[in-house]
Amino acid sequence: MRPSGRAADEMRAITIETGFTKHAEGSCLISFGDTRVLCTASVEERVPPWMRGKGSGWVTGEYSMLPRATHTRGSREAAKGKQSGRTQEIQRLIGRSLRAVCDLNKLGERQITLDCDVLQADGGTRTASISGAWVALRMAVNKLMEADAIKHDPITAKIAAISCGIYQGNPVLDLDYDEDSSADADANFVLIEGGQIAEVQATAEGATYDEEGLLRLLRLANIGCGQIFTAQGTAVK
Amino acid sequence: MRPSGRAADEMRAITIETGFTKHAEGSCLISFGDTRVLCTASVEERVPPWMRGKGSGWVTGEYSMLPRATHTRGSREAAKGKQSGRTQEIQRLIGRSLRAVCDLNKLGERQITLDCDVLQADGGTRTASISGAWVALRMAVNKLMEADAIKHDPITAKIAAISCGIYQGNPVLDLDYDEDSSADADANFVLIEGGQIAEVQATAEGATYDEEGLLRLLRLANIGCGQIFTAQGTAVK
Amino acid sequence: MRPSGRAADEMRAITIETGFTKHAEGSCLISFGDTRVLCTASVEERVPPWMRGKGSGWVTGEYSMLPRATHTRGSREAAKGKQSGRTQEIQRLIGRSLRAVCDLNKLGERQITLDCDVLQADGGTRTASISGAWVALRMAVNKLMEADAIKHDPITAKIAAISCGIYQGNPVLDLDYDEDSSADADANFVLIEGGQIAEVQATAEGATYDEEGLLRLLRLANIGCGQIFTAQGTAVK
Amino acid sequence: MRPSGRAADEMRAITIETGFTKHAEGSCLISFGDTRVLCTASVEERVPPWMRGKGSGWVTGEYSMLPRATHTRGSREAAKGKQSGRTQEIQRLIGRSLRAVCDLNKLGERQITLDCDVLQADGGTRTASISGAWVALRMAVNKLMEADAIKHDPITAKIAAISCGIYQGNPVLDLDYDEDSSADADANFVLIEGGQIAEVQATAEGATYDEEGLLRLLRLANIGCGQIFTAQGTAVK
Amino acid sequence: MRPSGRAADEMRAITIETGFTKHAEGSCLISFGDTRVLCTASVEERVPPWMRGKGSGWVTGEYSMLPRATHTRGSREAAKGKQSGRTQEIQRLIGRSLRAVCDLNKLGERQITLDCDVLQADGGTRTASISGAWVALRMAVNKLMEADAIKHDPITAKIAAISCGIYQGNPVLDLDYDEDSSADADANFVLIEGGQIAEVQATAEGATYDEEGLLRLLRLANIGCGQIFTAQGTAVK
Amino acid sequence: MRPSGRAADEMRAITIETGFTKHAEGSCLISFGDTRVLCTASVEERVPPWMRGKGSGWVTGEYSMLPRATHTRGSREAAKGKQSGRTQEIQRLIGRSLRAVCDLNKLGERQITLDCDVLQADGGTRTASISGAWVALRMAVNKLMEADAIKHDPITAKIAAISCGIYQGNPVLDLDYDEDSSADADANFVLIEGGQIAEVQATAEGATYDEEGLLRLLRLANIGCGQIFTAQGTAVK
């Protein structure tokens, strides 16, 4: 029995509110239940120094939690003067995931930065970030295409992410904070619409799992991402 | 003629949405027109090292802009590894202002941190921050009083802040970004309900002003803060 | 009764010793009583990256206290690896103030840095810094004009600063450390010769003040700055 | 055909030289072909602040590459003043992996730090680090048990790690640098002797993979880790 | 022929103005010609954490140059966020030198910090710093002894420092900036009154030197330090 | 009697294993007894910004200790975010020493970085570093000359370093950790084959020494460096 009363393969409610802020070329507020992340896409007409002059673009991600997004206040990374290992891991994952569905040559020599700022956290902030970042990216690319700045769509597919885990011995989909903090295993899957895997990060915590366990988690992730793909499609209709 | 078509002594629409996030002891999303700031109050049952054992509490502020709160993306302070001078100035101002209406002895040996995170910027982010922080603080203190953790209300009055400036030669109230970026003088007033001044920060930019000019700006500020006091009162009713 | 026995509108002794160091293009040791600040002006034939190619110059300020300028030793900011919020606030104020009396186009594409290093502190270090920085700037600009590097004088007026405050209920001029540490309100005024205001930073500490109080402090500041203008004139005669 | 001429399921030569340095409680130089990592285990009789007084121990990892471990010299992280996201990701993985086979309660209130310093890099430095760290940990724990500081062995099993990937369309085991830099997908598996999975980190680079592909990589990893478990056993005999 | 016209064994004028600042327990402005360093001694009634509870004291040094102490402006270390290797080398040398003439047990569990801030630089700033720091230390210890905080004088002897070098083939005493910047070898000697050596730091620059050369520099240093000991004695008479 | 039983003028065993790592243009593992340092030389076809366009090259050094090179584990400088003053002092010394035997004009506009990483420490790590760095440099320069990238040999002589000290009243050669930690005086000499001195760093610790003492240490250093020159010659034969 899950604390939320959900079935093992049941997602929390997904909502995606596009245009949440007005300056960004693309933006949305994505919610997986009580987890809420503001995702924005910012287009800049230049690429990082190591990419200049190659005619290719770049897509990168940044991630942060507001200090009181969490149950107890965390200290502000800007005040501490450095980003935690966890933050860096997540923002590397966001960038890598979105680049997996982007043809950077078609983007032209420009950079799109996907900022994912967690306003409220209840488990699954990195997976909500990736899923929302795709929506912001799609909106920003649409705007570039409408303005004829880009000729051919660089986005090759939808991408979404979801966490699964083993909670009290059972594989479950879309862990919330209560589950996440006591799960035996925790796996984040980044999946591409059509059945391909972009990234798996599966960690045993306390317990371990075997090949069969890994497969069951992957199958749950496919169910979850299917629903996210639908929500993404509706949001950018 | 102001770019927004407002009268010289006309504020932008003020809205205060309380309880915007669920973990914080107090929270609101305050808007001055398109400027939107998420303010949270976090209570911790300990004070900074230099205050321990004195039986007195502490109220402090932190401030940040999301990278794409602005027209063009700014770099993330956590990534740069330090907070700008501007950020530090503003968070010192927030803390100082809220302490001006708090009896720290009545608060007891605990700290309340007011986090002001700008989701969208269109001028006046520091004044919206102070005004919203008061609402978050009021809610957090109410919760402490309801729980009998505090006996006597430590908050002595409402406090609010507003910017005024000289735009194309005329004193105007509540500058938006278009006005702020080309104003001849820019003044932030932090006022206490009942006619007292907590802080004045008035800077000539390009032009200068004299005693008469300063007084005219102060009188506009009194008009603006009067409206904010009303909105604060409604929000925490 | 003030601790120093001064009248309410009485400044401490002002002395300005020009040429205190030999390498700088302009330098002076300014004293407001026991507060002593070494101000130097350094000319560099290049401007910050964001100003290049515009034909305009830049004036900026830096500020520091020697570790034992104060009653008890403070730790060295270079050793801590960052400048405090207070330091950054003050150096931004110094730069802004001096730019208020400089026509940057007439300066040509060069930068003048005003370093204000407090050798001994007894209240009013930021106001002594601004007042002394003007002298160093005037000397450096004179040298550039004598060398025909600048055709038209970019300095439009004298500028000076002074602190005023409410001490034991009475407005007083030029707070020393004993007064500053227990004042009810503390205001720094940066004034331009001829009656214009460049900057007001007025903060209530403990008590607050009203419009009338603000005006009385401003009038004291006018008295004080008048005396500083005279001392500046004599120093650079 | 692999650049090294190895078969798809063929590991590079594994060597483990124990006691490579004399001060550490456990140490070895582990080689996976030309990849060589010095792993040391250091025992300290105290735990991090957040764990004190719980009677439980802690195991953590640190990782670094010497600047010229690589084909071209990289800059030294100590000189740059911060560790890269990649370094932090790897050292978090090392600690998490070793803790997966440690009963921290049996360790007692002490910390063991596993330092993995790459002397020469040719692909697979993180997997060699984890595999060697287990040897160093085993030696340090043996020493504690011989000295009767620990009664019951806290190490529950052997743990090892190996990378697999899809190279020119084929799943291959133990990527070297030439393969790693052009692989279509790269997966690191951390496996526990007996068939359990501790961690999977699988990333598509350029290409993606499906469920079947993931399983084929996992099966190669089982072959590789089997050989590492044998080498570990011989090394600590 | 030296640029200054001095004889090979001729020092620049030494002046020591005690009591230059009023807050420090000991202070002086020491000049070696145009090199001027403000040295202060600050007494704190606590020692660094690693020395607590041993009944012994500590003496340490800090060093900095004002940005425009030099011919061209250097950037401020506090602004850059770290102290240069050169600064750290010098402050370690200052502390080590003064401890060489201090019986730390007699000092009691307190720390004396010697701050050496270079107001104007013309070669020899580290040697002037050490020589002036001794005067400040002597004054601070005298004050502690007068107050009966210390029973037995912890200072065992005078200590002074001077630079010598090989300039255009000839050994010369007390290099100024013109000589220092083109010397073939540069040696700093820290000598104790009575003929003992506390520290030698001799570096070949361009040319090298042999045993005979080293001895000739040492003998010049003895001449120079003799004159500094006299000046120190007069200053603290 | 020395703890190791060595005679006063007896070195520890010196071994130099060249080609310890394969990527660097030159590399060796040098041992002075139990002190073992991995020295690599890396050639880069560019010089630091301040040297560009002058046709001259640059030689620089970096130094680090692995965290558990020492008896008890030290924290990692990369994790602390800055290099200690000791580390910076040593790496400045390494670079300066090697440049003393290099004609930078003959090197051409390229930089050689000498990385000295201490794998195991037992006293004398900086002197082993300098002595080993010369071997790595010699190998790298040989490779450049064989490739005709350099016409004339820029290396003018061998250079080596050794520590001497006064242990229990007697001058001794090549201090190990046991001696170093209780020596009365500690001196590092960097000598050039043929009798010239490149650098002397002699520090009294506890005791002091006079001119005669300094000479006796220098003569021991000549004996030690003679043996290192022989070992260097054999290593690069």
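Observations
As written, the chain order gives the labels A, B, C, D, E and F, with residue 1 at the start of each chain.
Just so we're on the same page, a residue touches a chain if its C-beta (ideal position, glycine included) is under 8 Å from a C-beta of that chain, and two chains touch if they have at least 3 such contacts.
Keep in mind the model is a prediction, meaning the values are calculated, not measured.
Counted as hops between touching chains, the shortest connection from chain A to chain F is 2. In the Cα superposition of chain D onto chain F, the rotation angle, rounded to steps of 5, is 180 degrees. Set against the Cα centre of chain C, the chain with the most distant centre is D. By residue number, over half of the contacts seen at A-B repeat in one listed pair from B-C, E-F or D-F, namely D-F.
When you average the Cα atoms of each chain and compare centres, the chain farthest from chain A turns out to be E.
Taking each chain's centre as the mean of its C-alpha atoms, chain A lies 59 Å from chain E.
Inter-chain centre distance (chain C to chain E, centres taken as mean C-alpha positions): 33 Å. Centroids built from CA atoms put chain C at 50 Å from chain A.
Residue positions of chain F touching 2 or more other chains, listed in rising order: 81-82.
The touching chains form a single ring; listed from chain C in the chain E direction they are C, E, F, D, A, B.
If you check the complex, the residues on chain F that touch chain D are 21-24, 27, 34, 38, 40, 42, 44, 62, 64, 66-73, 76-79, 81-83, 87, 113, 115, 117, 119-121. Every residue of chain E that touches chain F in the complex is listed here, in rising order: 82, 85-86, 88-89, 91-92, 96, 100, 187, 192, 195-204, 208-211, 213-215, 218.
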